[in-house]
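In this document, chain identifiers A, B, C, D and E correspond to the written order of the chains, with residue numbering beginning at 1 in each.
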Amino acid sequence: MLLDRVEGNVVATRKHPSLLGWRLLICQPINQTGEPEGVPQVAIDAQGAGLHQRVVISSDGSAARNMVGDEKSPIRWMVIGLVDEL
Amino acid sequence: MLLDRVEGNVVATRKHPSLLGWRLLICQPINQTGEPEGVPQVAIDAQGAGLHQRVVISSDGSAARNMVGDEKSPIRWMVIGLVDEL
Amino acid sequence: MLLDRVEGNVVATRKHPSLLGWRLLICQPINQTGEPEGVPQVAIDAQGAGLHQRVVISSDGSAARNMVGDEKSPIRWMVIGLVDEL
Amino acid sequence: MLLDRVEGNVVATRKHPSLLGWRLLICQPINQTGEPEGVPQVAIDAQGAGLHQRVVISSDGSAARNMVGDEKSPIRWMVIGLVDEL
Amino acid sequence: MLLDRVEGNVVATRKHPSLLGWRLLICQPINQTGEPEGVPQVAIDAQGAGLHQRVVISSDGSAARNMVGDEKSPIRWMVIGLVDEL
């Protein structure tokens, strides 16, 4: 799991059907002091994260397939928690 | 999943049989402002991405095997969405 | 598995239900001389690691799902050992 | 999957039995213009890649176990295509 | 799989039970000329690697669980070969 800050979201009309109805957030990994570290990830969000919100994201195929209810989904990263404080 | 820009494609005559008939795109991870970040990936494409198109790619073995219809395929990365806007 | 130093912890009220009751540690990968290397990870901890403790963390979906007792959990990283010496 | 250039090979007498009879190539990830990017990987090769050949490599546990015919093999990365042109 | 040099080992009294009896090596990824590249990994060793030995390591959950004989083990990285020459 990574500590990230939400930097924006992706609008994609043409996409894998299992992505329909899910927000796709651009999540920038950060360290404890909020500095960016490494490559941004794209994650689905079921927690309701806002712009610039700090979040915890995780990458797990089976959990993601469960979340979207599609056993053939290629989704991996998802927001699993909204950070109140560090 | 990563936000990438399509930088080109790979022509490979000799390859694993499950790759036959699939375009292999060179995808450069980018951040929200379009700057390159990290190592390029090679992904198959079922969405019809063009050169310099921004895409979302994902790496999932079971979804890729489903996509190409070969339970022994080593394919992992695929284009799962074409980005309209950020 | 990575050698990390615990840098803090994450407080998240809104989160995936399988995270309830687990401490979420911010773990900074380090090299043998203690210098930071690469992106911090967030890990659950069943070993009782303290702040600045050096730990070994691992990322495995099936082991994490076993640990938290939830077959649909997206948790991946966990503390698997407390380092006495290097 | 990554775009790589073959930089050499590894000779290992003492190794996991599932590696017996397989060439182990040192593969350097490159970008589209051939510059090195990131950490080299070690991959098995069933395609017959030569030194300095550009290749596509992939990391998939189940495909690798199928390839070497050993359900307990720890092999992950393999050459899946020889690049003719970019 | 990565080409690494053994840089030391980790002593951990408190740890996941599946780690009992296994040496935990700190393995630094290197390139073909021996220069360090990227983040060190911690790996179990069944091959008998010595300090400063060059090794090939791999990360595979099912192979690691087989190796240690514990279906719930979180172990991923292991030494799979001792390098004689490059």
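Just so it is clear, a residue touches a chain if its C-beta (ideal position, glycine included) is under 8 Å from a C-beta of that chain, and two chains touch if they have at least 3 such contacts.
Predicted model only: the values in this text are computed from it and were never measured.
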- Fitting the CA atoms of chain C to chain D, what rotation angle results, rounded to the nearest 5 degrees? 145
- Item | Centre-of-Cα separation between chain E and chain D, whole angstrom | 19
- Let me have the rounded angstrom distance from the C-alpha centre of chain A over to the C-alpha centre of chain D, please. 31
- Among the residues of chain B, which ones contact at least 2 other chains? 38, 61
- Task: Examine which chains touch each other and state the graph shape they make (line, ring, star, complete, other).
- Result: ring
- Query: Listed in ring order from chain C, and going the way that reaches chain E first, which chains are there?
  - Reply: C, E, D, B, A
- Item | chain C-facing residues of chain E, complex | 7-16, 19, 24, 26, 28, 38-43, 61, 72-77
- For chain C, which residues count as touching chain E in their complex? 1-3, 29, 31-32, 37-38, 47-48, 56, 58-64, 66-67, 78, 80-86
